[in-house]
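What follows is a group of structures, each given as structure tokens.
Two complexes come next, and they have one chain in common, subunit A, joined by subunit B in the first and subunit C in the second.
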Partner chain A sequence: MSMLQKGNPYLYVLPAVLFILIFFFGGLFQGLLQSFGITPYNKDLVFTTLAYQELLQSADFWQSLLLTFRVSFLSTMLSGLLGILFAFILFIMALKGYDSNTASLFYRIFQYPLVIPHLAAGYLFLLLLMQSGWISRIGYHFGWVEEIHHFPILVNDTFGWGMILTYTWKEAPFITLMIYPVLFRIHKSWYEVARLYGSNTRKFISNIAVPLILPAWLSSLFIVFAFTFSAFEIPYLLGVTYPRLLPVYSFELFTHGGWMERSQSLALNIILAFITAILGGLSYKISKRWLLNERRGWE
Partner chain B sequence: MLLPSDFSLRAWEYVFSPSAGTWGAIGSSLCIACIVTLVNILICLPAANVIARVNFKGKIWVEGILYSPLIIPPFITVMGIHITFIHLGLTETILGVILAHIAPTLPYMLRALVISYQTLGFSWEEQAKMLGAGTLNRLRFVLLPHLLPGIVAGSSLTLLVSLSQYLITFLIGGGQVVTLPIILFPFISGGDIAIGSAYTILFAGIALFSLWLMNSLLKRYYKTRILFIR
Partner chain C sequence: MGDLVITKMSKKFQHQITANDSSSNPPFQLRSADLKIHEGEFFGIIGPSGCGKTTLLKCIAGLISPDKGEIFLGKENVTHVLPEKRQFSMVFQQPLLFPHMKVIDNVAFGLKMQGINKKMRWNKAKDMLQSVGLSGYEYRHPSELSGGQQQRVSLARALLMNPKVLFLDEPFSALDPDLREEMRELVKLLHQKLKVTVLLVTHDREEAFQLADRLAIMDEGKVLQIDSPKLCYEKPVNVQVAKFLGSKNVIEGEVSDGIFRGKHLEIAYTNYAFSENKGWIIIRPELLKRIHSEIISREEGIFNFTGRITEVSYRSGFVHYKVNVHGQTLYVIESNQSDLPEVNEQVTLQLNMKKVHFIPQMGS
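On to the complex of A and B.
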């Protein structure tokens, strides 16, 4: 024990923990109570599961759930593939000994989508992809589409392509950022040893690099899935009025309805929180296992 | 058809006209983001200190609690607490919005500070103490210079996340606390495309500018310090 390690650690974490317990878990708990019909500051407390029953019986909910799942799944897969591709482009550049300026320039370019707020990114994709948007005009200009309105509907479409493409653009750099540091720690000497034993770049990547980054990649996929499953701004901008994604559905129940709709919205929130908490737990489990292996393997 | 045939500054004139209230929105956005950042630094510094360097019972629970806003969407908890905020008179106030912005941003600040503290360890502070440095001097010459990159990284992320909140600000602010995303939203959801675009550029520009400012301040700080040591 060091002399600076005196003092109660619980005291140090107390302010932050208290804040999150009161304002975050407090909110979650109150949402849970209200979803069961128990409203704080209201005398007549009747426990009821009516909100959940109505929600689970409505076709709207299942339609929304299905659409949300599809959009999240496709966004996660596409950004996962693109993210890993970017990371390997950077990695191969480093292996083949490109000058570090070019590599760091690429690294910085990949980071730009991360700092553009989601609302702004959503609007940029709206302007790009709508029927009178840039891509459609370019297509018309070069004669790929005969009429502007023949261009496929990609935003505010029922399949959700606009949302999927925006999320992919936003989250692929995030995945690159999560796995690149792991790749970066693979020593160049390993590559040289592998070459010495007759391996080539492709084999080196598939046999050594991919297994090493797999846990970090999987764990970041879960994070992206949980995020796209529960984010509001992009579906609100780029979705259609029916069926809506779950967070938008919840928002509309909360703001436009009466008390019954409000408790349905809170019940929907609890279901959302439950799904994302499970995904978060899985992500943590995977990254934890990786950390344990890491200690054995790397040093 | 591909490139516009004529240009006009109509949208920008509107954005910066007094009636649009853009300056006020930028002001309250930055004010909220800065206070949120300060509060985060204050409550995360001690927490990161022990999370990074001390093993204690229940640490995994503490970390689980503090990082949970990364996974469970914060708007869910804001909708739950909304009724209490109404009772306490916190809705439609800047204070209410600040309180609502802290939970979603805290994990980013904590993570950045924990990484900084992990690379610090205890030996530097002990050495300084051995050489007779008091608490204040240790803070100024050992702790702060080492933690500064972490503080800047955490503050940048906090600023960015706070600046881009729409839903939480809307739910608690009730349209009375007007931040940049609130003023921007009607234009980008089916409003005037030119004005929507101008606001989007302004919005992304302010986010990028705050990050750039933070990073260049950090770089300047280190340059002067290195010169000083020489």
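On to the complex of A and C.
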């Protein structure tokens, strides 16, 4: 009581800390134990790395890992490029004194994909891109394709284009949202200074704007990569049966396999969490180092 | 290179409604400005805030396209030359250094844009930093410098380009008084050393008077007078110039039969040479001298007033006071050598009418 009266801050955050400890770290810890074959409530207390060994020796795992990397990498790159391109279009519009209402209208339109849940985005792309989907039917109607099954397979395809396109559509606005405020802080007067000293718009972008937004861009790329690497909904909807992306592969192992597969599923989750944590740490380190320099003298 | 000549330059801004603000900015017009700035001259454009001096400067620099008018540098017409090709430099009110670049890279930015190799541009930047007293600061970031140091870097960046004209857009207004004085000295020194043509824009009279060889006085988008600082102050062409440059005693009236008649004051005024007899006399505050009544001079052209002091203030060695002379308030500034005058004290003021300036109404 006296602690409360004194206003001990630790006590006030205790419920939140307990919640995180129990449900996040608790779950993680339980998963870790089970991945090593330890299930205390089942009186199974023998430590084993069998699940990891079997997983790492399985061709399915490596195929799945490769596909997951490819889909995440391409989605991240495409959304990164599209996001930065759009942010720069808005920035140049502001720099050249275009009507600011038009720019803000574009900005708002570009933000809409952010409010659509990933699952809904998956369905939307499924309906749009499958061979019996809207685009294929429109193409058939206008005579662009002879038969609707001549339309290229873009969803549930082995390369993962459906997933890549959906992620790009969803994540490019996120990248724009992350870097546009940084670009917006660049003084118009800096552009005037740069012009007087012999720089044109292209040189200004490459010498001033890009170095200033690079840290924010890199951090957002890392976030997108980490997310697409471990997200479940879109690969579940738009992926193929084999090879599956790691999160789907883990889900299937967990729900459809036996007891042994369950340990493998959890081992897979631990590997996913480990890779994501490494990426997160790397992103933090890079952005911390860069942001320190970038933030200097902004005001 | 030659003189910088601006002819009939005008620019009109319409009502502008910004996206985040529904209020509209009032329209503004820069009216047909003509200027001739000699090569190597330190030229000042001075006027109250919002009078159009920065617009004029940016039109000359090419950062704003003028609606009409031409700019010549020597014989070359540069009106339609892109700003990046004009070889002009500018120091703004804020240092506007690029935060992600070290001091040396900021200074050498212009040379980098010209494609000069790193070694050469760094060497030149180091020399220039030495000239502005910032040796040893090369590898710091702008945020590690004080406001005055940042402005010095900005100045070094501008001078390194060896510009045909250097624009200074109120460059010291964000600095504290000591630093401002220091920077003015530095700019004056560098101007003498490098013989660069400088165009300074400021609303600070003291700064303009201290630095400029000649001044253009602007108000409401119009150039009102171009002269040396002394002439602008002592012989203003109209009342706006007189008031802006600190003339406190601007008295409206009429001259007839060798006498100036104001609302409250009548003064013998013989050195009158205008066809218009209505206008204003400008009595500069320092022309009025407090004298003892026993030494009143009866010389020709010397006029004596008797009045009562209504207000006194002491400012760094000078005493400023207001004297009510038959209902007319006269503002007096004199160096303080004895006790301060007191409010309600009766004083006699002496004025040499030969130094009084008359502005005829039609000329205003």
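Note that the second predicted complex is superposed on the first by the 280 of 299 C-alpha atoms of A that agree within 3 Å, B and C clash if a C-alpha of one lies under 4 Å from a C-alpha of the other, contacts with A are read in each partner's own complex, and residues count from 1 in each chain.
Methods note: contacts are C-beta pairs under 8 Å (C-beta built on N, C-alpha and C of every residue); 3 or more make two chains touch, one makes a residue touch a chain.
Keep in mind the model is a prediction, meaning the values are calculated, not measured.
S.K.: Once chain A of both complexes is superposed, is A:Pro181 in touch with subunit B (first), subunit C (second), both, or neither?
M.R.: neither
S.K.: Which partner chains sit in contact with A:Ile20 here, subunit B, subunit C, both or neither? Use first/second/both/neither.
M.R.: In the superposition, A:Ile20 contacts subunit B only.
S.K.: Determine, under the contact definition given at the top, whether A:Asn200 touches first (subunit B), second (subunit C), both, or neither.
M.R.: In the superposed model, A:Asn200 contacts subunit C only, not subunit B.
S.K.: Using the touch definition from the top, say if A:Tyr41 reaches subunit B (first), subunit C (second), both or neither.
M.R.: Once the two structures are laid over each other on A, A:Tyr41 reaches subunit B alone.
S.K.: Using the superposition described at the top, determine whether subunit B or subunit C touches more residues of subunit A.
M.R.: Partner touching more subunit A residues in the overlay: B.
S.K.: So, does A:Ser230 touch the first partner subunit B, the second partner subunit C, both, or neither?
M.R.: first
S.K.: Return first, second, both or neither, reflecting whether A:Pro152 touches subunit B, subunit C, both chains, or no partner chain.
M.R.: So A:Pro152 meets neither subunit B nor subunit C here.
S.K.: Based on the A-chain superposition described above, do subunit B and subunit C contact any of the same residues on subunit A, and if so which?
M.R.: None.
S.K.: Looking at the complex, which residues from subunit A come into contact with subunit B?
M.R.: 2-5, 9-13, 15-17, 19-21, 23-32, 34, 39-41, 115-120, 122-124, 126-127, 137-138, 140-141, 223, 226, 230-233, 236-237, 247, 250-251, 254, 265-266, 269-270, 272-273, 276-277, 279-280, 283
S.K.: Considering the complex alone, what residue numbers of subunit B touch subunit A?
M.R.: Checking each residue of subunit B against subunit A gives 1-2, 42-44, 46-47, 49-51, 53-54, 56, 59, 62, 65-66, 68-81, 83-84, 87, 99-100, 102-103, 106, 110, 122, 125-126, 129, 160, 163-164, 166-167, 171, 181, 184-185, 188-189, 193, 196-197, 200, 203-204, 207-208, 211.
S.K.: Using the touch definition from the top, list the residues of subunit C that touch subunit A in their complex.
M.R.: Subunit C residues touching subunit A: 18-20, 58, 61-63, 82-86, 88-90, 92, 94, 96-100, 109-110, 112-114, 141-144, 150, 157, 161.
S.K.: Which positions of subunit A touch subunit C when the two form their complex?
M.R.: Counting only subunit A, the residues touching subunit C are 100-101, 103-104, 187, 189-190, 192-200, 203, 207-208, 211-212, 293-298.
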